[in-house]
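The structures come next, written out as structure tokens.
Common to both upcoming complexes is subunit A, partnered first by subunit B, then by subunit C.
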Partner chain A sequence: MLSKTVSTKIMGSMRGFPSHRINYSTSSVNVVGRELIKSRALEKDELRPLYMDFQATTPMDPRVLDAMLPYQVNYYGNPHSRTHAYGWESESAMEKARKQVADLIAADPREIVFTSGATESNNMSIKLLEETIRPETSLVSVMTVNNEIGVMQPVEEIGRICRSRNVFFHTDAAQAVGKVPINVSDWKVDLMSISGHKIYGPKGVGALYVRRRPRVRMEPLQNGGGQERGLRSGTVPTPLAVGLGAACEIAQQELEYDHRWVSLLAKRLVQKIMSEVPDVVMNGDPEQRYPGCINLSFAYVEGESLLMALKDVALSSGSACTSASLEPSYVLRAIGTDEDLAHSSIRFGIGRFSTEAEVDFTAEKCIQQVKRLREMSPLWEMVQEGIDLKSIKWSQH
Partner chain B sequence: MASCSKTQVILLYKMLIKECKKLPSYNYRTYALRRVKDGFRENLHDDNPKSLDRLLNQARESLAVIKRQASIGQMYSAQRTIVEETGVHRDI
Partner chain C sequence: MSNNTTSSFGRGRCYFKVVDHYENPRNVGSLDKTSKNVGTGLVGAPACGDVMKLQIEVDDQGKIVDARFKTFGCGSAIASSSLVTEWVKGKSIAEAMTIKNTDIAKELCLPPVKLHCSMLAEDAIKAALQDYRVKQQDIEIEAVKASN
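Then we have the complex of A and B:
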């Protein structure tokens, strides 16, 4: 039975600062928690934090921007205009981009539909198949590479099973495209979502791969002028499509080189941290993964406080799409991570433009801050004394 | 083989490195330098004139891209990153 002061101190230290006023009913902690990391613009001369959040989004490759700019300046025609040079040159650029996307995943250009992003592609895949679904058909939808822990699914195996049972197979490959080799025929994938801003391309564009043989019949989500073979009406934004195409072409060329670099940096980061700090767990399968997404749980340290302490590094504790809520990651819960470890997790993203200096800086800061936060934690103190935390009977006051 | 003499290759390499150093963004600059060095190193022992021609053309195109992007970066510059100021780690 712990005294009230010790319990309060524990809650306080879990958040990284002494908090005499916080009572430990979970609802009020959540309300306060949302305000902890306040958003603010950087000062003019303030140094920018290092970017280590490549799963949230990626910077555009300069080569991509270079390819897009002419279409933002002079070649501004509508690609669906059939009667003049502005239309023809825009259409030709769009079709070239379509081929670049198709080549990356070993598909036919006629199987690529431009969309506004992977989210739209995902919605399209599911809603449109609902129209053609008969009682005996169904859809399997799987993420190729998970955005929170980096784990890669056995897609070839899944594809084989789906094909043999006559079931549609959709995969969201946003985090996988351009990072691991993809072949939609080998994988027997029927539908695949692609996102531009995850592969050093522009935001606001993506693609959906729709298999032609055997044909996947779909009803359009968005109706209008019948563009993209009627599957997705709306003027295709040529500059964005060109950007996506260029990003895909670059990704194909640089796939091996980037993979080697990212693996090297990832190994360096993990080894450095784990050699200096005990009780660190890497979430997700150690073998079947994309190396650039590293999710570490630091026991006895609260995730949000560590993020706040690492203010010079742009990191996240879970995916950006769910960062507004303070709930622990659904992914970590699904892989069976303990509740307290799930709250202690940080996701490190490494990409094409990451450097050794950034990795070293991040590792050093992380080690420093984890040690500091643990010093303040009575839980850590108890563990050092050999007390098994799981044997403690906490009681309400 | 006058189109791909050793001096030409070295000149192109030096020009590329010079332009890469002008990229204002720390991450783009370090990537470009690394990629150019590794790219040239990888093809050090390539003897085939056709592939050498192709590679040199690629290098010339990259030089043009880097020049343009360096200008754009300078026009739309932002603050420097933390790692550039420490002075302990210098990638360039």
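Then we have the complex of A and C:
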């Protein structure tokens, strides 16, 4: 939006300013992030906002924490130590966790490699496959469930096509694992990235599923002591691995219930908002989706201003990992959303611990603030007067 | 020159200034754009995420007696346009023309990524003043024609 020439011009005129007050360095004001919603300490007696951002991260399930704690202070051995009980008990816990992760996606435990997270798994899959790839093969990499709009890709079909053409198929399942049923054999997936903190597990751990039959050969990203069958050197952090395993086992047990609960809440939220507020668009396919990720565009209201208005609810617009840029969401652009609607979108994230009261509060606040912002919007005014916005020649900036 | 102003600067008054303008915006609304005393400026584009409509009402002595705004944009954009409507009230047209985006940005302590909001607010007031001037010229031309 702000072209380079314009920005240098502005900085030039700002630097010439005589007042000593204008010495704002970037350290005093948070310029990372698109909006003046800055990091700040909560005011005295200010309540923390409701959490509706489950795609960004999830709180640990207390049961996961229970599983991890003994491995932090009691069973603290290195799982690769072969010569004493500390090592043996840690290794046993690590292998149990590995099986828990494998069971969730119908894989063999020997096909699971622990990593520091889905990002590392993605990097491993893509960069290292390049080393061993034959000239005629290639790699298809697809997100199972999109983190911005919740849409689910037809993975089974993609897998079938890839297998028939002898092409490797990698999928980043960070938002899908434990939320929708996954079977890596049915899906014919060769590589799958898993993230701990997206499924009520600890942060800092993830896994990579690497198919054994037909074998996927890989070169390691990280060299060292040869742990994880040489694919990923470095001591496996037992407490984190145990946490990931526990999170996966809990997710498997509660998958159906969670899915029904989240669907119920999502429907409640969307119905409440859409019944009270006109001109709201849900982005993404209404059927092929994970219900807990809802992306809505509120026409004639700008997304950042709505986020600021909903300060009692923790929400986001666009994905957390790309929030430093000024561009509207690439995902919305890719699905053909109008540019002005792309600037008007908010993502609601519902999870295992969301309650009906939270959803009702969020919906009411949202309805209230959208109405208020629309009263302040020249676009809404013009639409009410019957003007077609697409016919206006806007002054570009 | 004290350096400690920078550390208290960002977190203190300035953040609350923008929030204040945003939560309690002054002069939201519309004036009758067909009235001969009203100038209307509409700047920006929905595709850019920023549209400001600014209106001024000028009395027969050339003084701005009322101003209203409506904005589609982020908190900084809303604050910038709200601030401008506060500033122009009571000013003459010539004085209002001297409002600069740098003044707005300074008052609200806008970070570099939000400076374009203050620029758009300056454009908006200039557009409103221009619209008023054009209207007055048209009225004069009509008056001259009528007397001939």
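Rule of thumb we're sticking to: the second predicted complex is superposed on the first by the 357 of 397 C-alpha atoms of A that agree within 3 Å, B and C clash if a C-alpha of one lies under 4 Å from a C-alpha of the other, contacts with A are read in each partner's own complex, and residues count from 1 in each chain.
Methods note: contacts are C-beta pairs under 8 Å (C-beta built on N, C-alpha and C of every residue); 3 or more make two chains touch, one makes a residue touch a chain.
Keep in mind it's a predicted model, so treat the numbers as computed, not measured.
Of the two partner chains placed around the shared chain by superposition, subunit C is the only one that A:R40 touches, whereas subunit B remains out of contact.
Contacts of A:L389 after superposition: subunit C is touched, whereas subunit B is not reached.
Once the two complexes are overlaid on the shared chain, A:R63 sits against subunit B while remaining clear of subunit C.
Shared-chain residue A:E375: touches subunit C; no touch with subunit B.
Using the contact criterion defined above for the overlaid structures, shared-chain residue A:R229 touches neither subunit B nor subunit C, since it reaches no partner. Legend: residue contacts after superposition of the two complexes on their common chain; A:K127 is shown touching neither subunit B nor subunit C.
Judged by the touch definition given at the top, the superposed model places A:R165 against neither subunit B nor subunit C.
In the superposition on chain A, A:H343 makes contact with subunit C only, while subunit B stays out of contact range. Looking at the superposition, the partner that touches the larger set of subunit A residues, subunit B or subunit C, turns out to be C. Those residues of subunit C whose C-beta lies close enough to touch subunit A in the complex are 1-2, 5-7, 9-11, 14-15, 18-19, 22, 25, 28, 30, 42-53, 70-78, 102, 105-106, 109-116, 119-120, 123, 127.
The residues of subunit A lying in touch with subunit C in their complex are 1-2, 6-7, 10-11, 13-14, 17, 19-31, 34-38, 40, 300-305, 308, 326, 328, 339-340, 343, 375-381, 389, 394-397. Within the complex formed with subunit A, the subunit B residues making contact are 23, 26-28, 30-32, 35, 38, 65-66, 68-69, 72-73, 78-86, 89-91. Interface residues of subunit A, counted against subunit B in their complex, comprise 42, 44-51, 59, 62-63, 65-66, 257, 312, 352-358, 360-361.
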